[in-house]
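First chain A sits with chain B, and in the next complex the same chain sits with chain C.
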Partner chain A sequence: MLANQIGYYSLILGLLLSVLLCGVSIKDFNKTNKQINQNILSLSFLQLVFVIVSFLSLIISFINSDFSNETVFNNSHTTKPLFYKISGTWGNHEGSLLLWLLVLTLFIFLFLIKSREQPKKYRILTLLFQQIIIIGFFLFVLMTSNPFNYLFPTPNEGLGLNPILQDPALAIHPPILYLGYVGTSIIFSSSLAAVTQNYILKQWGQHIKKWVLVSWIFLTIGIMLGSIWAYYELGWGGFWFWDPVENVSLMPWLTLTALLHCVVVLERRAALTSWVVILSITTFTLSMCGTFLVRSGILNSVHTFANDPARGIFILIFLFALIVLSLGIFFTFHKENNKSSNNFFWLSRETSILINNWFMMYFLSVVLIGTVYPIFLDVISSEKISVGPPFYQKLIVPFLIPFLLFMSLGPRLKWIKSKIENKNSLIITFIISVMLTFFIIKNLTADLLFYTVLISAAFFLFFTTLKELFIKKFNNISQTVSHFGLSLLILSILFNNILSSEIITNIKIGERYDYNKGEIFFKKIEERKESNFNSIIASFEIKNKNGKTIELKPEIRIYNQPIIITSEADIRTTLLEDKFLVMNLVKGNEYFNIRYQVKPFMVWIWISVLLLSLGGLMSLFKRKI
Partner chain B sequence: MYGKKVKLRFTFLALILASVILTVFLVLQSLKENVVYFQSPSEIKSLIELNKKKIRVGGMVKEQSVSINSDEVNFIITDFKNEINVVYSGSVPNLFAEGKGVVAEGFLKDKNYFTATKILAKHDENYMPPEVKEAIGDK
Partner chain C sequence: MKILKIAIIALLLMGFSNLKSNEKSDELKNKILKNIRCLICQGQSVYDSESEFSSSIKLIVDKKINDGLEEKEIYFYLREKYGDWIIYDPKLNKNTYILWFLPLLFFLVGGAIIYKKIQKKNEK
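Up next, the complex of A and B:
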């Protein structure tokens, strides 16, 4: 009750502070003092405090199961474990927007602290642009999705949280992903501020690179967490489905990766300035689009909390306003500096980074078209279609070959003008990669030529980066670690795809199922009662050809509030392979539907993504030379 | 005639243009091959010729129509005007049940028989795919 009121009024105070901040900073803008007015910093801090208070009071309402709060009523239940009561705070539309707002205000405050040595006008403008976004989100929360709506009479029990969201990985997935998404808002605001001040220079590159890295790391890990969750919770045994909701998180990642590479060029050579600004704008726009598509109910998924057209329209208008504003600023203020830095030889580090960007843009357009085209077609012709994984695989996988090759060579080039050094050792590495691949692939029943070329390219990158890691001839170890991570990721995904096997069958208790590589025995089921669900735990014995037996215990959970049945897969993970068994219930039937999968190198997919982000982390904390 | 710089810029532009055209062409081509259309049982009945391509069929699982044996699941999808028999071998999502909405992906054998390769999982009991809602006319 009380928490509700406090939360609501803090939000309104936060909004008022936004307006006040804009006023104060506009006044301060033309004053001659060198540093920004100390009041601005305090006000920004105060705003952050108000949003934190608001967020905490929502958490408290969730912990106390205060059902006079509509959000709590819709998404919580008294029997839910405490951990999921808390994570339920951002497991719904209203709460997750409050989290957006929290991260927005947190980041602008951090920006103000961390940018003391930057020009004053640039800092104030960044703050202004960021406040425009913040005001937009405040209005959005207060007008269309107030998390503190009051319910009277107070219901005795809540509706509960969708059980598939009651999961540790999913409890931290949204905050991490949001840190990545919202981090791009700082990049957006500050690049607009830098354009108006004609400050797209080396210093700005060094300063903004940190923010790009932070967003990139969080986005990478956020996507990975979602993917891990999908792997063990959705019961398909895959980790990436090219589902529109996954795609919208991949798109800003692609542009952010492109931006990360471009910022390096900017930092060293003050080149590619327009491109950096365009990428900054695009990245944030795509993050916003992601929020819009996911929240408006246009895309169907577990992320769609409510189909409220008013929300969709609000975000859409806000998004258009931001795009128009940013493009307007870009075209009015941006001047391409015609210095010598734009000239570089065709064989140089700059070219290789441009090539990286081309590939990123290509991948982006494939994902974008695959995601948006069905929506578009539905609107103009009301034909319902879906674009499946083959579309993406066909268009992306072949292009990985040149991409990987360029990636092995690019980092070896020098700025401005270069030639390829150590040709012999490169050629030897390449031959080793091809031969190794050939011997591996020969024993498998896969498309020989295509996979040999593809995997050779991946191995080539793998060995070249591995060699560099040990020789340390180039001091750029963070980059090498990331590139090594990517080669490992692609190798694991490819081998995982080629070598995976699965068995799907319907089976009764006590039955045996023989397949060409072994036998599955459905031993028994047990029932167990938990506070918020009943579960059926089955036990299966899986016998290999060589007589080795493992026992797997998949589970079916019947949640009481809301009444939903979920399957919990049992996964036996080793360094070489995952054994994955999931069981489904067919209502009113004695048969259980089971799916048994052997997925090689599964754990390496997660490890390699961690390596990828570790590279980013190392770059972030690298001492300036 | 033109300076070296202009020529270089020209080649650069041409290269970009060529790659953009190539991209668009590839994407459209692949889109044409890999798009899966959604149809209701009634729409299938009114087809003039059968398509060999993969489609999705959606509607309600008819009451009393599910039968299971060790390697197959048989059921009927209905939109309360027309219905279609579905044969499926594969894993069944938990929320698959008689009287509930369903989307099946696969191939038509004829206008009355559909071989499904996948039954799409839903995330939530109350949630109904908009396609299904439309197909059964907002019941």
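Up next, the complex of A and C:
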């Protein structure tokens, strides 16, 4: 109860500090001192401390199962393991917003201590823009989603956390994803500040690149964790469903990736300045839209856990205000500097980066329109349509072919004017890719021509980057690692798609099921009791043609609070393939419904995403050494 | 020995092709089920869901495949019965022209902008 009070008043103090900070910053802005006033740093630190205190007190309320707190009551239960009591703090609307706020204040503090070499006015303006966002979120939390609402009389027991959210990957997925989302707020604030100060220069490019990289890495890992979770908890072996909530996390990732490439042009060549600013604004807007779309509950999705129009309207107005503000600033202050150094020719690194952006923006438009259009159509004509995986596949996959080819060639080009070197070796690599692809897949799929072209393009990128990794002098190893990771990702996804196989059947204990590649034997079931669920654990023996047997133990859990039945898949992962078994109860009889899948190269999907982010990490630390 | 080997291979091949046709109808069924929305669930396909609605749809699809209906005919049947909302693959009509063509238009416009920009830089 005490924690509740402390948490609430810390929030209010945090908000007051925002106002104070704005005042002090504005006063300091026109003073002649070279460094910013030390008080600003201290106040920013103090604000961070208050938000941390508030967040910690919410965690303490969760740990103590203090049900006089409405948020705890709605989302926790005494029988939950400690780990999930803690992760329950951000597994709900109010707590996750508090986490947003925490990251917002953390990042602006880090920005202030990491930008000492930057011009004073630029730093102060960044702080001011960031404080506008922070104030918006403080008001949002306090007015519509207070995590410290008091309940009286105090209930004896809480309502519990949705069991599918009680999972280790999902416990860390939101914080990581938020670090990425909120990192874009710094990019947004500082690009606006840089525009007003006419500071979109090489130095700014070098400085902001770090923040772009940090956000990009967290966003990449965050999305991956979500996918891993969906793979073993939600889905039946799928890892990406083109679900609206997944899409809204993919959209800022696409613009951020485009921005990452543009910032490289900016830091080397001081070109593409307005485009960098537009991308910065768009990326943050999309992150906010993500929050809006998820929180307002207008999306029909498994992830939606709040349905409150007041919240939606608040975010919508706030978002609108931010967009107007940023566009206003952009058009008032931005001057395109038409230096001659801006020139470049057709065959140049600049062109290749523009092509990257071209495709990124196209992918973004597909995902954005696919996600928003059904809502729009519903509103104007009340006709309901569903836009799902087939739509995205049709519009995205064919475009991957030129994208991959450009990606194989682009990084080999030099700035300003270039020619393609080592043409022969490229042609040989290309021919090898096509032949290899043809031999691998000629018996595998009906759509031979299309897949041959697509996979060849992916292999081409794979081999060119691989060669770069081993032969070249490692001059741009971070980029090569990331591009190699992407080629591996696309190859793994494609082969995983083509080669996956599955068996769905009903089976009872002691029964054997034969299929063309082996045999499934349902050995037994055991029951187990945990504090927050009872479970039925089945053992299956799966024998493949070579006589090798593995044992898989899928589980059915009956959670007590709230009462929900979940199926936990058992997955055997090897480097070559995942074996995935999940079972379900069949109503009213002794049979269980099982789904057994063999999914080749599954683990490589995760490895390649890690490689992709590793490249980003290497680039982040390259400069410091 | 050689004859035995050939016989085994022949047998395997026969078995393989036999099962393959079976597998194919299963594959088709799963592909179709993944494209149907479970109308009473939150953003799940019929394939992913174990609800009663999904179970009944699974039976319907099974039956339609056995009746020899094509994939498209099954979608058509379901659309007639439950509306466009049920199929994840939006069909092309006046409601969805924007959905399908706007991204492509973006692609063309983007390409044109980049083309012009580089052209201009080259002229200088």
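By definition in this document, the second predicted complex is superposed on the first by the 617 of 625 C-alpha atoms of A that agree within 3 Å, B and C clash if a C-alpha of one lies under 4 Å from a C-alpha of the other, contacts with A are read in each partner's own complex, and residues count from 1 in each chain.
FYI, a contact is a pair of C-beta atoms (placed from the backbone, for glycine too) under 8 Å apart; a residue touches a chain by one contact, two chains touch by 3 or more.
Fair warning: this is a prediction, and the values are worked out from it, not measured in the lab.
Chain B and chain C, once both complexes are superposed via chain A, clash. By the document's definition of touching, both partners, chain B and chain C, reach A:G388. Of the two partner chains placed by superposition, only chain C is touched by A:P244; chain B is not. After overlaying the two complexes on the shared chain, residue contacts for A:N516 are found with chain C alone; chain B is out of touch.
When the two structures are aligned on the shared chain, A:L354 is found in touch with chain C, with no touch to chain B. In the superposition on chain A, contact of A:N506 is made with chain B only, not with chain C. Of the two partner chains, chain B is the only one touched by A:I556; chain C is not.
Of the two partner chains, both chain B and chain C are touched by A:Y373.
Touch criterion met: A:S365 reaches chain B and chain C at once.
Of the two partner chains, chain C is the only one touched by A:F344; chain B is not. In the superposition on chain A, the residues of chain A touched by chain B in one structure and by chain C in the other are 234-236, 300-302, 358, 362, 365-366, 369-370, 373, 383-388, 390-391, 395, 504, 584, 593.
If you check the complex, the residues on chain C that touch chain A are 15-16, 19, 23, 26, 30, 34-35, 37, 42-45, 47-48, 50, 83-90, 95-96, 98-100, 102-104, 106-107, 110-111, 114, 117-118, 121-122, 124. Chain A makes touch with chain C in their complex at residues 234-236, 238, 241, 243-244, 299-304, 340, 342-346, 351, 354-355, 358, 361-362, 365-366, 369-370, 373, 377, 381, 383-391, 395, 399, 501-502, 504, 515-516, 584, 593.
Those residues of chain A whose C-beta lies close enough to touch chain B in the complex are 162, 164, 234-236, 300-302, 358, 362, 365-366, 369-370, 373, 383-388, 390-391, 394-395, 504-507, 511, 513, 556, 562-567, 582, 584-589, 591, 593-595. Those residues of chain B whose C-beta lies close enough to touch chain A in the complex are 19, 23, 26-27, 30-31, 33-38, 54, 56, 66, 68-73, 89-98, 121, 123-127, 129-131.
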